[in-house]
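First the structure, which I've put down as structure tokens, then a few questions once you've had a look.
All chains are identified by letter, namely A, B and C, in their written order; residue positions are counted from 1 within each chain.
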Amino acid sequence: MCFFLSFVFHDFHHPPFCGDVQNVVSVMDGLDTFFLLFAGALVFMMQSGFAMLCAGSVRQKNVKNIMLKNLLDACGGAIGFWTIGFAFAYADGNTFIGTTNFFIKDFVTGQELMGFFFQFAFAATAATIVAGTVAERCKMQAYLCYSVFLTGFVYPIVVRSIWSEYGFLSAFADDKFQGVGVIDFAGSGVVHLTGGATAFVAAVVLGPRKGRFYDEDGNPLETPTAFPAHSVALQILGTFILWFGWYGFNPGSALIIDNSGSAQVAALCAVTTTLAAAAGCVTAMFFDTFLEMQRSGEVSYDLTMAMNGCLGGLVAVTAGCSVFQPWAAIIVGAIGGLCYVGASALLIKSKIDDAVDAVPVHFANGVWGVLAVGLFAEPDAMGAAGYVVENSGLFYGGGGSLMICQVCCILWVIGWVFAIMFPFFTLLNAAGMFRVDALEEEVGLDISHHRGSAYDLSAPKKEDVEELMEVRASRHGKVEVPREVADAAKASEGDA
Amino acid sequence: MCFFLSFVFHDFHHPPFCGDVQNVVSVMDGLDTFFLLFAGALVFMMQSGFAMLCAGSVRQKNVKNIMLKNLLDACGGAIGFWTIGFAFAYADGNTFIGTTNFFIKDFVTGQELMGFFFQFAFAATAATIVAGTVAERCKMQAYLCYSVFLTGFVYPIVVRSIWSEYGFLSAFADDKFQGVGVIDFAGSGVVHLTGGATAFVAAVVLGPRKGRFYDEDGNPLETPTAFPAHSVALQILGTFILWFGWYGFNPGSALIIDNSGSAQVAALCAVTTTLAAAAGCVTAMFFDTFLEMQRSGEVSYDLTMAMNGCLGGLVAVTAGCSVFQPWAAIIVGAIGGLCYVGASALLIKSKIDDAVDAVPVHFANGVWGVLAVGLFAEPDAMGAAGYVVENSGLFYGGGGSLMICQVCCILWVIGWVFAIMFPFFTLLNAAGMFRVDALEEEVGLDISHHRGSAYDLSAPKKEDVEELMEVRASRHGKVEVPREVADAAKASEGDA
Amino acid sequence: MCFFLSFVFHDFHHPPFCGDVQNVVSVMDGLDTFFLLFAGALVFMMQSGFAMLCAGSVRQKNVKNIMLKNLLDACGGAIGFWTIGFAFAYADGNTFIGTTNFFIKDFVTGQELMGFFFQFAFAATAATIVAGTVAERCKMQAYLCYSVFLTGFVYPIVVRSIWSEYGFLSAFADDKFQGVGVIDFAGSGVVHLTGGATAFVAAVVLGPRKGRFYDEDGNPLETPTAFPAHSVALQILGTFILWFGWYGFNPGSALIIDNSGSAQVAALCAVTTTLAAAAGCVTAMFFDTFLEMQRSGEVSYDLTMAMNGCLGGLVAVTAGCSVFQPWAAIIVGAIGGLCYVGASALLIKSKIDDAVDAVPVHFANGVWGVLAVGLFAEPDAMGAAGYVVENSGLFYGGGGSLMICQVCCILWVIGWVFAIMFPFFTLLNAAGMFRVDALEEEVGLDISHHRGSAYDLSAPKKEDVEELMEVRASRHGKVEVPREVADAAKASEGDA
């Protein structure tokens, strides 16, 4: 191996290991760092999932805008989380906030640095959830302010309270709340509820898109206008990429994979994640089909329901993916799908406009996912995942301690987000910095602010195509032109 | 590391390893579980590859329908394979079928659970192959029935016969058929031939799309109508995602990577997979270019040929990726490309309509891939991959035993699939549950069954855009408007 | 575990490890091979990123053509690099070129074979960079010749000089140039500068697209025509996939991950890669916004700037990702973003036409990235990555040796590429084999050479949709039709 490496690769630090092998801990370190790289890269890929999903869900005139927001919040998230966010969340300090290790300046080892990378990907996810909800009407500047503020401050505080050893609700503190602390393994509460609650507040303050619930004079419409998604292809692509990324999000939250115990945790996460997604998708879609059949008499299958049900199931299973049995994941996912359908209808009834239904997916199922742990957390799996076994879920007779923790988690996250973000968005709005003006909204943000439309599908000129056909026909001394070219020419006539 | 983890992460099960390291087996367990997670996630990602490829290949009016089928068969596959499929395939029982461990209820360890996840991803792949073939005319209900039936029963029986220790053709049985058993390392036969043969049967029973081979009165057309793919961008995206996923499919089928031997197997798979894909792509495309040049005199390069040739090469190499030498992979892939071109033409000649050419890719190359092992299986690689070295491929002088196994594998899979699926589809059809009605087909399934088109590319109103331009021009006290906005305005005029 | 494997999986080579564990080196071998598989697969996925980015950036009439080029250069790259490229780069031979191990025929072990796979993915990346620049006017045959030539010969020679132990500039040679050799960890110079310089030469020889800088009579236009990107969605998807792939490209260049030292190297790469991408994106976009505001008075945010700035940052950090501190990565990325903006403007001023701005991204930032190492290479990180610590970057007081190496690297790569590729392209051009004819260019390459357009978005016929609505309304004995179907019908009227 050494010989090979020395002639093939830029070989640098291998030799010490060739002669005598002394250090299994070092191998484990490499393995765990690699695991975090894998998981972090998949979670990062979810950024593109969100971008495609959101872009597909909005109208053609706002595609560039939403894409740019998704790209920029990944960037802003990286900078915000590196400078202060990570320190606030995990560094030495008080219960509320970290006060050291800004710019991760004390980090040197592989697991430290890769741990930062992994956590960054989560922070960026929390931020990006909001992009879709406020799409088609939110100013770019406001969005940028918000996303740096969230990844730099609001989200890290939540992380600290629940995932760090300092947190007042943390299962990893020495003195655990209720003797167990909150179980939110991969972040239904920390990530999705935080993002979803922020999206909810933003939607309320920002108001609905023009023409969605009210006519031009401000009178409520009898039935809300459904703005059609501009591309289902992008929506489904986004859904699949998100599901794929969730295999980094959930199993990756085991953080290490260097022994049988952690392998078991990660593997259970992969299984429960899969089953909950499947159950959420199927339940949401068929429930909606049933409702629509009652209404119109026709059987129809709605793609949006299927895809958001799937995402709802994924969000719901995220808190307890390591402590649910597979059958429980099916139930949690299925209820997650119904939560989505219900919350989506409720939101419309309340005339709160969410351009991509991120609130029903992430807020409603964030809440449900955290609660579900209080019901279904199974003692053996809890032990494997390092939680206090005695305080299992209600259905396993663990008493109410865990459920109290989970409810407190929900109240704390919602309370914190509302307390901070409601004034924040209200101020922005009062200063006229939150919403684009009415004409710009009508024209669409792409032309107003991004120098033109996202698509230009104009076909070549008819005359040119015809000329080419003639040239070719004459070249071969025959009238017959290649069939496909003729077809194409005909097709382009229609478009021109 | 422990210190770091204790202050940064939700650290749970690490401490036992910090003081004394006793157990390399435990590290290997973690590594192998991680490997299966990686490979399974990549194979799962192939679902989105199939979705994009199929959606790109159909007409615009059926995009939602095919996307939804792809999403739902992943979900149905998860539920079907979890409840009964995995048990039928691998659990204790008789030669034909497993009769224990339903709902994987006996599974606890990382490798067991992650093994299920990995196998699920394969099952979902087998199911999804059919979606494309029957696109644009198959009822959703029929598709759902079929896909649960395939992942829950038909496919698991094939798996058991060839991959389990109980199988009558298995290379892992104690008493191997012909002293060697079938070599189908990653499933040209088990996965692709099963899916492809099912697709073939479905296409025959279902009949061609309206207007493809016959006119409105049922008279055969002189030349079949080629329905144009609605988006080449989606097709190519799908192809690349599939190729990417194949690096989980083939190398991942080594199942473990905790030692030099298994590393060698996985690495050979990565190399042979790459070379076969490349050879298949190039061969299919240039062969088609040559044929077309003979016909029309023009040189043209067909993207569909390139991309399906590539996929054909990938399918073909899947059975023997661990036992082929790189040069053999080139030959197998190249012939795979030709198999695709030939089978595609044959299918059209037989007036069997395959909307995405899944039969030529998966059926024809499934057969070729399994056969190719009988020719090219190299003894050293067979040994490394754990097969019986004495019975190598014909070109290595191993005698005919292996080839007999491979031929039996093909006959068995095709026979089993035909025997089960032909009556199944025929009954569905007779009951009027298989094919949508003629008017719905004409309108397209998206409007008929999924509440509208997959795309809405309508541009903003011309007046609004003009008004915005005027406002901006006046605001700056100049007539000149930003160039791009003016362009955009002009472009939107054309569309409006 | 053995029991499990024996009843669940095709278990082949596990048993020897169950009884006694003797060999940690073997586990490390497996781990490192897996790491290369992961990284190689991600780098391969960049092919689809480039395909989407390039296709999105060109006009609708050339989408098929550019997609096909991207697919074929991955295939050609595989074959060219397997037959001769890898041997030229790494095998025994002289300083300039390898002369043994063609067809990697001496390779057997996991790391050897997977090392080839990983290196192939890099070679394919170098080749594909050029596709975008010459899009919309380059002949397919010319492109194929070029891409095999680059991956088979031009690129391997660069690799050998800088990454092999034989190279005259290599940091891994026994006798290192200037006592340190070039530090180009993951290939800003080797991959991106080689590809970018080739793209530059090709663009100069090929000339601009018709109507870009000159009118029909060949007179220069006052302002160059901006050909609009046909799909921003594809561009952003491509950008995200590329960023994702870079987590294989940069951390993967550690090549091994079996110990704490290499874990640290890979982890630092992940962090610096993230930060540079973020900084490049933000800097390029806001700088452009500032310039445009000066010009037109309007605030606008340009997606192309954001996305190419991001890619510019990624290219720039690639050389030094393992030796930069995180803060330095921010600076390098930010300057990378500015380099992109400047180089793009300069290129337009020079009337050199780059259809996707690959030259500003890969050439300009390839140069900057290699130079940046001479400034910011930090001693501790250099040591961890196996470089000569004494010769650190100028800002760390390492003296000028490293900077001399880096400058020589740039001169050598540019010189070599120009010396080989300029005559190559000039000859092709002189022979009339480089550029498509004027009419074909006007019609677009898809219709001219690929049998028709990339998209067919034609909607179903209005009469059919209306008929369906009537049938359904009557079936339920009510006039009211499902709302969405009515909407869809209305929408399709507009399109028909």
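Going forward, contacts are C-beta pairs under 8 Å (C-beta built on N, C-alpha and C of every residue); 3 or more make two chains touch, one makes a residue touch a chain.
Treat the numbers as computed from the prediction; the structure is a model and nothing was measured.
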The angle in degrees, nearest 5, through which chain B must rotate for its Cα atoms to match chain C is 120
Across the interface between the identical copies chain A and chain C, with over half of residue numbers shared counting as same and under half as different, the residues used are different
Distance in whole angstrom between the CA centres of chain A and chain C is 26
Multi-chain contacts in chain B, i.e. residues touching at least two other chains, fall at 24-25, 27, 29, 31, 34, 38, 109, 111-112, 228, 231, 237, 300, 451-453, 455-458, 482, 484, 487, 491
In their shared complex, chain A is touched by residues of chain C numbered 24-25, 27-29, 31, 34-35, 38, 42, 59-61, 90-92, 109, 111-112, 115, 163-165, 170-172, 228-233, 236-237, 239-241, 243-244, 247-248, 251, 255-268, 270-271, 274-275, 277-279, 281-282, 285, 299-303, 306-307, 310, 326-327, 330, 384-387, 439-440, 442-444, 446-448, 451-453, 455-458, 472, 475-476, 480-484, 487, 491
Per the touch rule above, chain B residues touching chain A in the complex are 1, 4-14, 16-18, 21, 23-27, 29-34, 36-38, 40-41, 44-45, 47-48, 51-52, 55, 63-64, 67-68, 70-72, 74-79, 82, 103-104, 108-114, 116-117, 120, 140, 223, 226, 228, 231, 234, 237, 292, 296-298, 300, 449-461, 464-465, 467-468, 471, 482, 484-485, 487-489, 491-492, 494
